[in-house]
Amino acid sequence: MVTDWNSLLFPYNQAAKEWKVKLRGIREEYQIMDEHSPIEFVTSRIKSIDSIKEKMIRRDIDPERLTEDMEDICGLRIMCPFLDDIYQVVNILRKRNDIEIIEERDYVNNEKKSGYRSYHIVFRYPLQLLTGQRNILVEIQIRTLAMNFWATLEHSLNYKHPDVFPDDVHKRLQEDSETAFKLDEDMSQIRKDLIDDAKKQDKKGE
Amino acid sequence: MVTDWNSLLFPYNQAAKEWKVKLRGIREEYQIMDEHSPIEFVTSRIKSIDSIKEKMIRRDIDPERLTEDMEDICGLRIMCPFLDDIYQVVNILRKRNDIEIIEERDYVNNEKKSGYRSYHIVFRYPLQLLTGQRNILVEIQIRTLAMNFWATLEHSLNYKHPDVFPDDVHKRLQEDSETAFKLDEDMSQIRKDLIDDAKKQDKKGE
Amino acid sequence: MVTDWNSLLFPYNQAAKEWKVKLRGIREEYQIMDEHSPIEFVTSRIKSIDSIKEKMIRRDIDPERLTEDMEDICGLRIMCPFLDDIYQVVNILRKRNDIEIIEERDYVNNEKKSGYRSYHIVFRYPLQLLTGQRNILVEIQIRTLAMNFWATLEHSLNYKHPDVFPDDVHKRLQEDSETAFKLDEDMSQIRKDLIDDAKKQDKKGE
Amino acid sequence: MVTDWNSLLFPYNQAAKEWKVKLRGIREEYQIMDEHSPIEFVTSRIKSIDSIKEKMIRRDIDPERLTEDMEDICGLRIMCPFLDDIYQVVNILRKRNDIEIIEERDYVNNEKKSGYRSYHIVFRYPLQLLTGQRNILVEIQIRTLAMNFWATLEHSLNYKHPDVFPDDVHKRLQEDSETAFKLDEDMSQIRKDLIDDAKKQDKKGE
């Protein structure tokens, strides 16, 4: 059985640190060019030992195959200002040479039943350890600030009330997620209108 | 005239670093007690030299009195999950012994014309420098994740289109701010309902 | 008995973080003035739970009085380039308004039997917690890079060989500490000679 | 001519951040295994714009070939407790798959005229930028704490007295470097003797 959790989790902690620096670097690169950054901020978390154990039982995961079969031990989260920024970040990740993407799930346009929206990417990252290279699975969740507002509060409510939500609460949360999404769409539309206006002004000025 | 900006800004940079550690410590203290933290995350920024210069001219501020009269050179921002958390954070700050609060402005319930909402606190912080103690003005903006969503995107639009927004854009932004605020209120209501439900369950179980 | 170590150690962790930022700020203040900084780098450590338990038994410390009677739970270390820098740092700390120094021990000129040299300062720091202000004991060890070289290697040898060192090893370590101290004195002398030379040159140039 | 220094230096800053996390991870990996870490601490620095300009003139480097021909813009420094640790770190770096080593210089046993000792490694690191992959030159200096003591103080003296040192100062610095190196050798010998003793004890105990 898995026993030394510190040793087992070290590679995931290390991968999370390396990726936090890489992803924050993307934001800085845009800022130095004085361009709009599709990344507002980045966070990371390592799955708790209790959650890992619970998922091993629930999905009947062999301890020997833990690192191959559990893809969200090392998790990063990218918060984007605008809706379009999500897909810009996805494209940036797809072009990198230092990872191999093995899965993408678009919960932005296909939200979960709860109302949850985000874009998920899982990739293999060749981490250098003292014992040699090891391919680590990393999961990145990409979402807007509005989606993050909803997901953070829903998670907070869930944490304090772990039972299934009553039907009406469930429905109100879905509706609030929908309203947050409409806010995202509206802010994107305002942005496009302002850009179109600016173009028209430029033409007039010619 | 003020010339050595590095020296002039050093105390504000140092105060910002010290306060980032203090405010993040509040979140950790709640987490260690396994209680809901009213602080989700904390950021800081030092006013840019260009903005300081522009404000000195606009408000006719004497360079000699810059550090007494400009209260937002050192700025911190606290993002809260729920609406009520804002006032909990305000109370925590009011009780501290290491600062003297000199101004509070509630833009949460009295939003600015633009639609901007946040709670602002300005306080004096006795910073220890090599030349002795110096009282530094620090401004903390406290807002929900939903308010931060709106303010971040509005700022991004403003940055790219520095002219006054057309009337219809202005109105749509106000409406989106209103919608975001209603989302905050609704999530708070769901939270209260869940707590009330849990209390009723407890009573039944007795 | 003390049980919840996370809660017990939180204030010490928080104090260590706040002081790391304060002490590193001193270095930055010198650098911005383009002056020699008496602080080269700063580290911190919280006493391990095992060491706290062991010391409680050895010194018969009442758990209720742990935070008053154990003065090195929160430890910071300042590394100085030159010997004189140690006393400059001591003076900087003595002048601060945010602490009350309660003990100073000069192991620089009065080394321990092992050969250990450093200057120790213990002070009370009023930490702001959710429950109000709490005075935390903080110990700062101030030493040169040469003293730190010796102390780091001696500690490493001790960790791997926890028994008392054989007499000859003990003596060689004392001698190496003495040699390291002479290096400190010699580098200080070179520094003074160069400054004296520069002054003579200046006079000639007048 | 090179003009936008922020853009030019961004990749070096980013590479320095990524490598600081990678190298500090090596120390953590040893600590989690409860083994002696050959890395005590890690620092980084980016060459100042003034130094880059001065070197471009001195070595007649074409601005177009700056990033290929100047190998120390991105510099990292690894401080080791014991002499042997230097070569252990060199071996760890040689085994990594994420870099291509292009130069090694052993100033540990072949010190410079000044007395300077360190092991230098220059490698190519494939950095991921928005415009694609770019190979960045990174220089890592590996040295003991004793060598770092000497180099830090010599650099400090040099900075304040930029002229060539007088002959006697030059000689005394060489001698102090030699003494520091003998301290390194002596501490290594003590370490070996303690290990040998422990082995003998183990044999007796069988």
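In this document, chain identifiers A, B, C and D correspond to the written order of the chains, with residue numbering beginning at 1 in each.
Throughout what follows, a contact is a pair of C-beta atoms (placed from the backbone, for glycine too) under 8 Å apart; a residue touches a chain by one contact, two chains touch by 3 or more.
Just so it is clear, the model here is predicted, and its values are computed rather than measured.
Chemist: Trace the shortest sequence of touching chains from chain B to chain D and report its length in steps.
Modeler: 2
Chemist: Considering only mean CA positions as chain centres, point out the chain farthest from chain B.
Modeler: Comparing chain centres, D lies farthest from chain B.
Chemist: Sort out for me whether B-C or C-D is joined by the greater number of C-beta contact pairs.
Modeler: Greater number of contacting C-beta pairs: C-D.
Chemist: What whole-Å value do you get for the distance between chain C and chain D if each is reduced to the mean of its CA atoms?
Modeler: Those two chain centres are 25 Å apart.
Chemist: Could you please state the distance in Å, as a whole number, between where the Cα atoms of chain B are centred and where those of chain C are centred?
Modeler: 36
Chemist: Among the residues of chain A, pick out those that touch two or more other chains and give their numbers.
Modeler: In chain A, no residue touches two or more other chains.
Chemist: For the complex, which residues does chain B have touching chain A?
Modeler: It comes out as residues 36, 40-41, 43, 81-82, 144-146, 148-149, 152-153, 156-157, 160-161, 165-166, 169, 172-173, 176, 179-180, 182-183, 186-187, 190-191, 193-194, 197-198.
Chemist: Of all residues in chain B, which touch chain C in the complex?
Modeler: 6-7, 10, 13-14, 17-18, 21-22, 25-26, 28-30, 32-33, 92, 95-98, 126, 128-130, 132-133
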